[in-house]
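Take a look at these structures.
The same chain A turns up in both complexes below, where it pairs with chain B and then with chain C.
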Partner chain A sequence: MATESRNALVRDERTGYERLAAATVGLSGVLFAVALAALLEIVRITDPVAGIPMVAVLGGLVTLSGVAVIGFGLASRRGRIATVPQESAGIVAAVAFTGLWFCAGGLVASQTLGLSGPLWLVPAVAAGAVAFAGTALPREDIGSTAPAGAVAVLVGLSLLTGFIGSNWSWPLGGFNATLFADVVVPFLVMTSALVTGWAAAKTYGGYGARGRHVGAYVLIYLVVLAILGVLVGLIMFVVLKGAPGLFRGFGLLTDGALVRWPFLTNGAGLLADVKGIFPAIVGTVWLVVGAVLVAVPTGVGAAVFLAEYAEQGRFTQVVEVATNGLWSTPSIVFGLFGAAFLIPRFGNQKSIIAGQLTLGFMLLPLVLITSREALLAVPDEYRDASAALGVSKWQTIRSVVLPAAIPGVTTGVILGVGRIAGETAPILLTTGGGVLPAKGSAAAVLGSFQLSASPPFVSNPALLDASSALPYQLFALITAGLGGVPNPEQFAWGVALTLLLVVLSFYAIGIATRYYFRRKLHQ
Partner chain B sequence: MSQPDTTTPNEGNRTDDRGLTTTAGESREEGRAEWTDYSFAGASKLSVEDLEVHYGDDHALKGVSMDIPEESVTALIGPSGCGKSTFLRCLNRMNDRIRAARVDGTVELDGEDVYRDGVDLVELRKRVGMVFQAPNPFPKSIRENIAYGPRKHGDVRTGLLARLTGRDDSEEEEQLVEQSLRQAALWDEVKDRLDDNALGLSGGQQQRLCIARCLAVGPEVILMDEPASALDPVATSKIEDLIEALAQDYTVVVVTHNMQQAARISDQTAVFLTGGELVEYDDTETIFEDPESQRVEDYVSGKFG
Partner chain C sequence: MTDKPTSVAGLQATVGRRVGRARRFVEETDPEGVAVVGLVLGSILLGFVGFLLTAGWTAVPLAVALLASTYGWFRQQGLLARALTFGMTTVTVVTLGLIVVFIFVESIPAFRYESLTVFGVSVPGLRMVTQTRWDAVTDPVRFSLLPMIHGTVLVTLIATAVAGPLGVAAALFISEIAPPTVRELVKPAVEILAGIPSIVYGFIGFTIVNPWAGDAFALNGGATYLFVGAMVGLMALPTVVSVAEDALTSVPDSMKNGSLALGATDWQSMTSITVPAAFSGVSAAVLLGVGRAIGETMAATVMLRNVPRIGEPLYNVFYGYETLTSVIASDYGSANGIHEHALFAAGVILFITVMVLSLGSQYIQVRMDRKLGGGN
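Showing the complex of A and B:
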């Protein structure tokens, strides 16, 4: 290759083999998506497709993609299609296929051939070695297609022939667990779709530098798809499980009200027709609001001191290490601090204000860290420009530096609120009230402010009362109190979904705030 | 370098025996006092005497003395690292913002030493404004950028409190914004979008906005640190025209590494050469046509630097 490696400058957009390769990439993508859906139980591998069992359909398609990929490699090697392969597929691909084939060889040897003891290592090592040689030694077009296609053909045939059928299972000896087909089949299909998609994409790019680029692109997209799939799957799971509980007794335009939503507006008192979690929602909202009110002014203030006034040096380094350590402190430790230190100072009983302060202390380090980073990221040109106009340092910070840092500060608060809103341990130790509180016990913080003529002039008994909160109620329902409501499991999932929605709506508020200030700064 | 070795006395000689080095041929130190002794007809706005600046161990500026006449353009030229920007930043005490910097000597603004104890930095920087190399508008609207200084100094009062107490200066502010933008030759380009973010302007417009922002505070002296070096030729020529126009009412001091620019816009030119020394200071014409120092002649004719 040292002599001449020039290719045509302009590629004809769609030749026949490129269409075929693109179709194979598409097929692999579809297989990957279907397998992902099966893994998340959105589709079932036992369902028949047009009269044929799903497993067999998947097997056939996987085999097809494997054969196609092998065909591409051969066609390229024999010069039937115009590609520019390099000398070898490279060491990374070789190591990956070695690992894949080592597992395949070992599993076939121990499970199918039934080799006992360490004998399974022999076929495993042999398969790995062959795969390594087959990937690294031949030219790139063979090296990156043959091992990939062979994986797909092996998987496809074992599915197609019913060797691994929908009733297949594999007891794992040492782990006291059994792998069933509804996990193994999607996993196998995903693996082979990943390698055939990669190999077909390389063919589409004509191997060489462009082929590697396209191959990596497809791999990355499939992995991102998997991550999104897990995320969406998780949320869908909670939504599907929680919706019946959340919407129990839900109705529009009934009883003269616009919306009747008993799960959100009722308590769990004896007389409530549909048991609800109103007190817990109110508790969570007040806890988060209080924690933000404690943490944001102190955190931002400390960040201003550290970023703008303190000399960067040993002291600021120590503070940085301390705040990082504080952020990674387990929440139960914060909870114990709250229980042992705050509760005796606030009426000697669990109270909202003790929980607010505890959660505020938990939130403080993250607000401090992110605000400090945001302040340090504000360009010095702004400070210089302001100083050259004769504006004092504090006015500069207030009018130029802080506004420019607001988006970063908001990001920190969003992340922190997401964490503290779902915290259970500190609430358990500092705030937690009854397991199934009635509506009347919801914390009426706004209505309980009382003025008095003597210090401290303002008091609020509601803040000094215990209260429920969503994560705490969920925890309590699971550990102790499943008997108090008619359909406890449905009720608990409803609480979980509500907690998710409350946290997501805090996120939404934060993201909208950040968006607003970013627009204002940059337009 | 084409100049003979004898014109660059070695380091040891110079520091041991300041100003009295006698090497064959031209001695920088001997002539220096004479070359920098520039006399002019008008009044002097800024008068610098024996200015020394150290950054830690680094001796950045060595005994610079010069008088800057009012209502004129003074150009400071020289190769990189010669101390011309350091000198400029001493004139409004921006070097105070650098912790390691130590400044000795006097800088008199209308006869008052700005490095004396008890000098009000706010007042000093109101009177001696500064424009930086890279345009640095705040991420605010054009109007807010211009009104920023006057608002912070309490010269115009706006906002809720001002409206409630009936002392709202919105109209004055409006006039000030228009006047400053007109002075900076930017008004016609931005008058319809004063509430747009200043970061949406082009680089040249941003730099003129920065000049307008500086003018809005009502300075007497405007310091410019290579104000056009980040701009394209068209924007540069606009800035140059602006500088010449500003010299009618303001004392302008411009640092530039572009000798043609200095020749075009300035009335007098000070040449700094490596080592933080002011070598020659005279009418721009004299500096570029017939400088007294051989090194300055080499520099302005492009033989080094």
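Showing the complex of A and C:
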């Protein structure tokens, strides 16, 4: 009883073991970070640290963390430290450790013992079974530390003894691939760091409900950090790689012009001094404009009907299923549809208008879904107040409901546009033109409307021609083997950065609009 | 069999009710309004038919519709607005219908070409899955879809292994764990991750990941299903996160608070109340993520080798040949004849698979809404 009442809820100061457990979590975190850096080739596992090879240092630290974790479990089991473990570590942990040890057993069997054929299954199954029993049967403090620590000790010792040294390699028989230490060592270190970090975090929480809470939170925070890291890393990487291409020949107040930005204003013709992507930018602008003209009135109108007029029934159900179906239809299928349906109806060749309509069909469900949500979010009091004044239904929708829903609709449209502006597959089949178009081939849509006396009376040859677009330009450069311009890699990265900036600025504007209106709403 | 007469009677009753309602509507409404709306909708319909038939006179009814709606806008705005918005509502259904019809019609010659006679019955398309040869050039020309299906399955499995657990964990973080300020940071970040164009992912994969993988694993060429799957998983992640987060937030707070009031930790309430209650919604999220992964095109096209072949052994993820999406994107430009129709057949398989996943996840979501709504 005495130990029970002194649990973490009623104590203020940290005890020694909590400090030790926290230090172990920190050590695992550091190991994970170093291994990740090694995987990304920021540091190399052959670099010596204070005269000792990095592999050995990592091995020693991993062993240390494993021993520490096992020590925590034993100390808790023998009552040396105040914890509140449950009867068992639970089925989830047991299954996870079974999988881990199954892999470990299988790898040791086939790599170290060289067992061929299905023989590797025997040690693998045995290791998995032992791990399952070792996790599920004993009390939680042993069950969640011993299998974890053992993984770390196994990994650590094999690194420390040089069994997996920096020159280690293992040709996978029949897989046409070879595993090298450069990849395997960081991977093993990361796995064992995850496992020991989790076990040490559980110890820090004193096992039981609180320990599980801490352990799970450590893992979830790690996942979220990883996602954010990937996002920031991707964007930074494209920015760094693309900036030289994008800003090639860029100048302010030179040659009598206010801004000189040849990459954006030049084509890729023979005469251009700095090759640029002007036709692709024009193509993307027209595609987006056309798609918005098709999808926004239709989508908003449909949302008005569904939210204001229609009664819930068979018809609305069918529309909802069709909308969600359209939303999840793969973009390449939209491309096939555009090629089969639209191209024969617009002059039998790839054209801007076919791309516009195809992208419009893709944008439609996005606009419809977000607009309907925005309309449904308008409180019924607004409608009732307007109706009480004797205003007709349509007048109410026009002057009360729609204005109140505009923020949501705008946000949805902007985010949807950001999405379709980067789509490649549909325009590949419906619009895509040459690989490196010259400036003269940019679509001049505004200047080429023509009237005629015979049907269809109004025509626009520029809309009926193939055109480039930013995503298509990037794809065409890749498939053409990155050539055709001086320094093609730089050029392609410049295109990638331009595309990313266009799309992300739509997203930034959309998200900012949402915040702006939400804050206005809560004032 | 027994309920057939009743269903016919029911149908008659429904039709009767509808007709009656329509008649009442026409009687009660201003005749001018009925005429205008009839003219507008009729000429739009006619224009659509003309467009379907690729007729030159399509512009005429559309111009009539435009004129009539301009007139109606000043005289009968309310009625016209209702009719027009109804027309717009049918567009999604019509579009989906057109997609189905045109993709299927275009694929029929390929299915017919690859038909195989079993027990004297000719089964169209059967030879696409009984042998593994896809060769559009040398005789006999064969279009087996098995290599692409194999590639799609491998990529989707890996992508789901990446996007499923990470996505659900991130959704839990956003909806349950994160403090408000952090949530306002992480949520847009996940949205932006969805915004990065797939061709940019593909370009990074092509110029950075593929050479690295070829080097690090001593591969014969850098294309691997393993890293294409990881890339595609990253792209499917935002879908999983946002749908799963919706499901988790739709669990009523009263349920969570009840658990917390009993002294459970946050994590205990999550694992024993929130996640079980939202389980169907979370699985719908994973299903939608799988759908995204199956349909992902550009990253696969750019990163894979685009050779229709099945690697040995089947689970060898260090090969990277072709998927259903990449075969369409890479072959369409040069294909003609049966080859082109075979690409539409690949599109049909994709479309059906994704549609089944979409329907499944919608069914699950409807059931969950009903359950949580009933529990309130």
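One rule holds in what follows: the second predicted complex is superposed on the first by the 363 of 523 C-alpha atoms of A that agree within 3 Å, B and C clash if a C-alpha of one lies under 4 Å from a C-alpha of the other, contacts with A are read in each partner's own complex, and residues count from 1 in each chain.
Keep in mind that, in the parts below, contacts are C-beta pairs under 8 Å (C-beta built on N, C-alpha and C of every residue); 3 or more make two chains touch, one makes a residue touch a chain.
Bear in mind the structure is a predicted one, so any value in this text is a computation, not a measurement.
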(message) Between chain B and chain C, whom does A:L137 touch in the aligned arrangement: first, second, both, or neither?
(response) neither
(message) Looking at A:L234, would you say it contacts chain B, chain C, both, or neither? Reply first, second, both or neither.
(response) second
(request) Tell me which partner A:V49 touches in the superposition: chain B (first), chain C (second), both or neither. (result) neither
(request) Applying the touch criterion given at the start, work out whether A:A257 contacts chain B, chain C, both or neither, answering first, second, both or neither. (result) neither
(request) Could you say whether A:T178 touches chain B, chain C, both of them, or neither, answering first, second, both or neither? (result) second
(message) So in the superposed three-chain picture, is A:V400 touching just chain B, just chain C, both, or none of them (first/second/both/neither)?
(response) first
(request) Determine, for the superposed model, which of the two partners chain B and chain C contacts more residues of chain A. (result) C
(request) Please work out whether A:A388 is in contact with chain B alone, chain C alone, both, or neither, and reply first, second, both or neither. (result) first
(message) Going by the contact definition given at the top, which residues of chain A touch chain B in one complex and chain C in the other?
(response) 392, 395
(request) Over in the complex, which chain B residues touch chain A? Could you list them? (result) 92, 94, 97, 99, 121-126, 129-130, 132, 134, 136-140, 148-149, 152-153, 196-197, 199-200, 210, 213-214, 217
(message) Quick check: in the complex, which residue numbers of chain C touch chain A?
(response) 51, 54, 56-60, 63, 77-78, 81-82, 84-93, 95-96, 98-99, 102-103, 105-106, 165-166, 169-170, 172-173, 177-178, 186, 188-200, 202-204, 206-207, 216-220, 234, 237, 264-268, 288, 291-292, 294-298, 301-302, 312-313, 316, 318-319, 325, 328-330, 332, 343-344, 347, 350-351, 354-355, 357-359, 362
(message) Which stretch or stretches of chain A touch chain C in the complex?
(response) 171-172, 174-180, 182-183, 209-210, 212-213, 216-217, 219-221, 223-224, 226-228, 230-231, 234-235, 237-238, 297-299, 301-302, 304-306, 309-310, 318-337, 339-341, 344-345, 361, 364-365, 368, 392-395, 397-398, 415, 418-419, 421-425, 428-429, 454-458, 471, 474-475, 478-479, 489, 492, 496, 499-500, 503-504, 506-507, 511
(request) Show which residues of chain A lie in contact with chain B when the two form their complex. (result) 311, 379, 381-382, 384-392, 395, 399-400, 403-404, 520-523
